[in-house]
Amino acid sequence: MKKNIFLKKIAFYIIIVVVWQLFSISNIWPNNIFPSPYEVGEDLVFSAADGSLFFGIGTSILRLLVGLVIAIGGGVVLGIFMARVEIVNQTIGSLVLGLQSIPSVAWVPLAILWFGLTDAGIIFVTAIGAIFAVTINTYTGVKNINPHFVEAARNMGAKGTQLVTSVLIPAAFPYMISGFKQGWAFAWRGVIGAELLFSFLGLGFLLNVGRQLNDVSQVIAIMLIIMIIGVVIDGVIFKRLEDKVMSRWGLR
Amino acid sequence: MKKNIFLKKIAFYIIIVVVWQLFSISNIWPNNIFPSPYEVGEDLVFSAADGSLFFGIGTSILRLLVGLVIAIGGGVVLGIFMARVEIVNQTIGSLVLGLQSIPSVAWVPLAILWFGLTDAGIIFVTAIGAIFAVTINTYTGVKNINPHFVEAARNMGAKGTQLVTSVLIPAAFPYMISGFKQGWAFAWRGVIGAELLFSFLGLGFLLNVGRQLNDVSQVIAIMLIIMIIGVVIDGVIFKRLEDKVMSRWGLR
Amino acid sequence: MTKLEAKDIVKYFKHDSHKLKALGGVNLKVEDGEFVCLVGPSGCGKSTFLRIVAGLEIPDEGQILFDGKPVTTTGPERIMVFQEGALFPWLKVQDNVEFGLKMAGIPKEERAQISKRYLDMMQLTKFADSYTYQLSTGMKQRVAIARALVMDPDVLLMDEPFAALDAQTRDLLLVEMQLIWEKTKKTILFVTHNVAEAAVLGTHVAVFSNRPSKIKKLMPVNYKRPRLAEDESLLPFQQEILSELRPEVKKS
Amino acid sequence: MTKLEAKDIVKYFKHDSHKLKALGGVNLKVEDGEFVCLVGPSGCGKSTFLRIVAGLEIPDEGQILFDGKPVTTTGPERIMVFQEGALFPWLKVQDNVEFGLKMAGIPKEERAQISKRYLDMMQLTKFADSYTYQLSTGMKQRVAIARALVMDPDVLLMDEPFAALDAQTRDLLLVEMQLIWEKTKKTILFVTHNVAEAAVLGTHVAVFSNRPSKIKKLMPVNYKRPRLAEDESLLPFQQEILSELRPEVKKS
Amino acid sequence: GSGETTHENKIRVAYFPNIGHAIPIIGMEKGIFENHIGADTKIETKLFDSGPQVIESLFAGSVDIAYVGPGPAINGFLKSENHNVKILSGAASGGASFIVHPNSKINSAADFTGKRIAAPQIGNSQDVSLRNYLSENGLKPVEKGGSVIVLNIPNPDIYTLFTKSEIDAAWVPEPWASILVLELGGKRLFFEEELWPEKKFASVLLIGREEYVQENLQVIKGWLESNQQTIDWINENPEETRIIFNQFMKKTMGQSLSDSVIDESLSNLEITSDPIPNSISTFAQRADSLGYLGRHGYNLDGIYLDINSNSQTEEVFTTHD
């Protein structure tokens, strides 16, 4: 059963690569615009061989982790406050929505001014790009809690922190998971985007190098790496978390 | 009651501006790093006066709309397919997660390759930045539908498109709304980010000009405009939609 | 003519610590136009059995024959009234009732006519425009019954439809149910925990044993109609059902 | 000593097309240790009244006095068994039952002891480790009852707790309830639509009129305990309740 | 060996991986800076690809000195607190050209109408030159109600659009100008220096934060000396310069340029410490008339670091006038 799914996936990706190769052989587009998978693979092997790829991956993931922890911690707290305290929602809430609509790239100049060309600057861009997604999903999750749950819990004496940890968070968890997922996606994008613009180590830097040199195959190679890491993190961490929660709620 | 909220909000924003002004007067940070609200306001008035601001806003919003429509349309269809057809989820689904983790800025070089320096290129970056958020939220929404709803509907003869439009979409709507909200946020960020990098008209272009000229107060002024538009669109469109749906579901 | 036949239905459920054999080989033959009441201890598998007949759940062993053909999926000829309602929160009461008709493509005016009749019968006319969260539990259940009756199916599968109703409303509906059945000669499977209800309604009463359940006894009911809940003449028969049930409940 | 007093409770609800006066001035005095059964037509406002007593809903006029003090919020001295369960899907059965104890800070072993007693009483021991979606409706309701009893509150507010139970289980619980009440002399408000249940359990039966409802009649029940559901001597009293109820249902 | 020394001093230098920045690239690769000041000062290099970002980093105090174009240098001076970002020396002059797409029929300014012409970022040297050139020829960009479509896009994107024939011409620095000519068959309509009064203009400058300079005069002195040494070496060894430059590209960017592109680029540039002050004030005038220097006028007094009270500094800064 599981093996079957795996085989299907593999087959799917093989088909994609084959179609891609055929396209690039057909020479509809010139090679410097549309490189073949072979060239992309060559680029990958090359940067893996000289270690720069792994160093880049490590740097980016480290920054991601720090940024993400800040974003999830802050976002959950802010989201719960917004959902439960009307005045917070009315004031900070509207600000959050505004801040959420500012793209990470727009924060880069300010981040450089405020933090300099440091890891802190990149982490700032990452965290600020992700925190509001977590906030808004947590907020939505808490707002969508079946009111009977909260009533029953309060009735049985839950209040304050207890209410939050024993009821609000678990009850909002299906939404929050999707908030975390999105938070992580925002954060991952934020890291890469910030690195690309700061041009300061990491995968985003490698992407920028490829771009500066008009090396489309390197650009695509690094995009593939970014995707693969995305899929792996999602599959290893979030998918499991989600499956567990979904089956707990009888939704499977 | 409503007036009260409004007053509170106004008061909150006035406080922020006052604190900001006090900070910049205190000269903890030099002015070129941390401009005063007065300077920022001056910049706004100036760019409003010569019309460039309104032209920028108009351009950006037009691109946003086109990109968003594509993203929502495509995302909803893809999300429902992923949730209901296991093979689609197993193949395209994993690809979507990967694509979702690529930041909009990374698409810019490819967009220029494929579409040139055109509105289409910017719209491509916008749509591709938003579509996967909509997809994933729709997917989550459909997966989280109370299975009794679907069973009851199928039992009463709903199938195919009918099942989708009469049950899946309305039942998943609370999630989808949050997908649209996020989709729009991604799209708005995407437009601005793409304009910033393409540097081809729009608010993102103005932001880039501010940056290129190291004019922090212009950067902040444009960021404010981006935020305000974000808040307005969210308040006018999505808040209402959400309120309506929430009260319909008895969640208020 | 045999309308429905259950052949050795076995159903397992997975619980964290153990595997639960809910149905242990249920055999039941229902002739066209029979009204079979199913009674049994709580958690014995009555709802599960009904879901299997409806085609919403697949048995691990055995099969259901409908008009001699195996049941593989759900269909509007076998309509289920869910124990927990499963009303659609995004639709008004009237639209909920008309759902199946709409799916069948019946025009609006005709739908309104039909639904009006059943809303009147269920004393819900005043609430036609309300949403389900605005109803009391009993009112919701009446909507669910109306929604099923409107479909005019060959087989009606009712899972404790009167459980949340007050005695008076139930008495009215007991009479109503008999009239509907006599007029339309539908085949009805009716789960109830109320032996008086079973005695009033059924042409037969099927008593489930405890888990893993089978049908312990199929008792014909030979009293003339219309029967009333307060008929003292039914008491001995009720005692007979109870004496079959008592040892089952003790076991659990 | 008067434990609970409802003074002129009025409650309105907003429906799209009209405003609904659900409670039209409910007056009720409950002495310490009384067991008051509330009966009335479906949708008359019994659940609403209970929610107001629990402090979960605020009346538009009038007030509830508990031990002479006005009720403004919910509290563990007035525990409610919700008509629709409101069990927490993220907790196992045992953890659901222990929820209130955990909130009160009672240590794990002690909690386990207490919950075991009530799980046994409700015949749920085998399902202590299951999640709520794995239970039948009747089993869920038993969990909800256990969860409330465990709290050992001054006042127990029960909203049709036995509605989804089979006759046998209910008969057992009717005996159990009387024992619990006699031993602990709790004050109990018990909504039911089953007049036999009301006659067996109550020290008083309060009959609600139709909307806008008031308490039409408060009838003391003067039969010696323990009473059994099949006691023929209770029949005349049941008829008396019914004759009070009948005109109310007709009106609706 | 940097291992044994404690390095109380350090100097953080920013530059681009670009042929115009040959001084820091070659000087670092050949160890000229390291040999001269490395004994007690740790050199940290930071690679950038946009001038404004360098200025932001100078403002944020995470960079001490930097090689940038005149646009960012002037902006940095004007926008910095107390004008503390100043020009220390020149680094390169010339090295920008106007390249016409092979399919496009542009032979002079008269053919610009309706054409799409690209230049890198707003406010950088080529952008200012292009826009100034337009107005001198009585033309206006579309956004000002004129007929020429000016596109401000990064150099790599100019290359891409050139391959796709989506632009008619581009005003770009080396090595991009040579790449467009040699790889894509572009036609060099003119060298930018042809349009300047003395046929030369500053294209790369060395700038620094004044408070850093004041506190580390010895280091700066050493740096400027090495700067000059490197210039001399480069001008004497063009072949080796090309080889070292390509090794550097390979090492940091994973890719190198073709020999012909580097040779061509180098021959179009002059590596010099002369900041060509006339060209800088002309440049500022042009930028100001385009509205790039703010709405409150500008004043370049004091843009060159020069502290009379300190004889040491004076000596340092008079060497190349």
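All chains are identified by letter, namely A, B, C, D and E, in their written order; residue positions are counted from 1 within each chain.
Note that in this section a contact is a pair of C-beta atoms (placed from the backbone, for glycine too) under 8 Å apart; a residue touches a chain by one contact, two chains touch by 3 or more.
All figures in this text were calculated on a predicted structure; none of them were measured in a lab.
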| item | value |
| --- | --- |
| Contacts common to chain A and chain C (chain labels) | B, D |
| Most distant chain from chain D by Cα centroid | E |
| Greatest separation from chain C - chain, by CA centre | E |
| Mean-CA-position distance for chain E and chain D (Å) | 82 |
| Mean-CA-position distance for chain E and chain A (Å) | 37 |
| Geometric centre distance via CA averages, chain D-chain C, whole Å | 26 |
| Contacts with 2+ other chains: residues of chain B | 33, 109, 113, 197, 211, 216, 250 |
| Residues of chain D touching at least two other chains | 84, 131, 134 |
| Sequence positions of chain E contacting 2 or more other chains | 52, 56, 59-60, 156, 160, 164 |
| Chain pairs that touch, as defined at the top of this document | A-B, A-D, A-E, B-C, B-E, C-D |
| Contacting residues of chain C [partner chain B, same complex] | 54-56, 74-76, 78-80, 82, 84, 86, 88-91, 99-100, 102-104, 131-134, 147, 151 |
| Interface residues, chain B side, partner chain E - complex | 30-33, 46, 109, 112-113, 116-117, 197-201, 208-209, 211-216 |
| In the complex, chain D residues that touch chain C | 13, 15-17, 39-47, 83-84, 92, 123, 127, 129-131, 134-139, 142, 160, 163-170, 172, 193-195, 242, 245-246, 248-249, 252 |
| Contact footprint of chain B on chain A as seen in their complex | 5, 8-9, 12, 33-34, 87, 90-92, 94, 97-106, 109-110, 113-114, 133, 136-137, 140, 143-147, 174-175, 178, 181-182, 185, 188-190, 192-193, 196-197, 204, 207, 211, 216, 219-220, 223, 226-231, 234-235, 246, 249-251 |
| Contact set on chain E toward chain A in their complex | 17, 46-49, 52-53, 56-57, 59-63, 155-156, 159-160, 163-164, 252-255 |
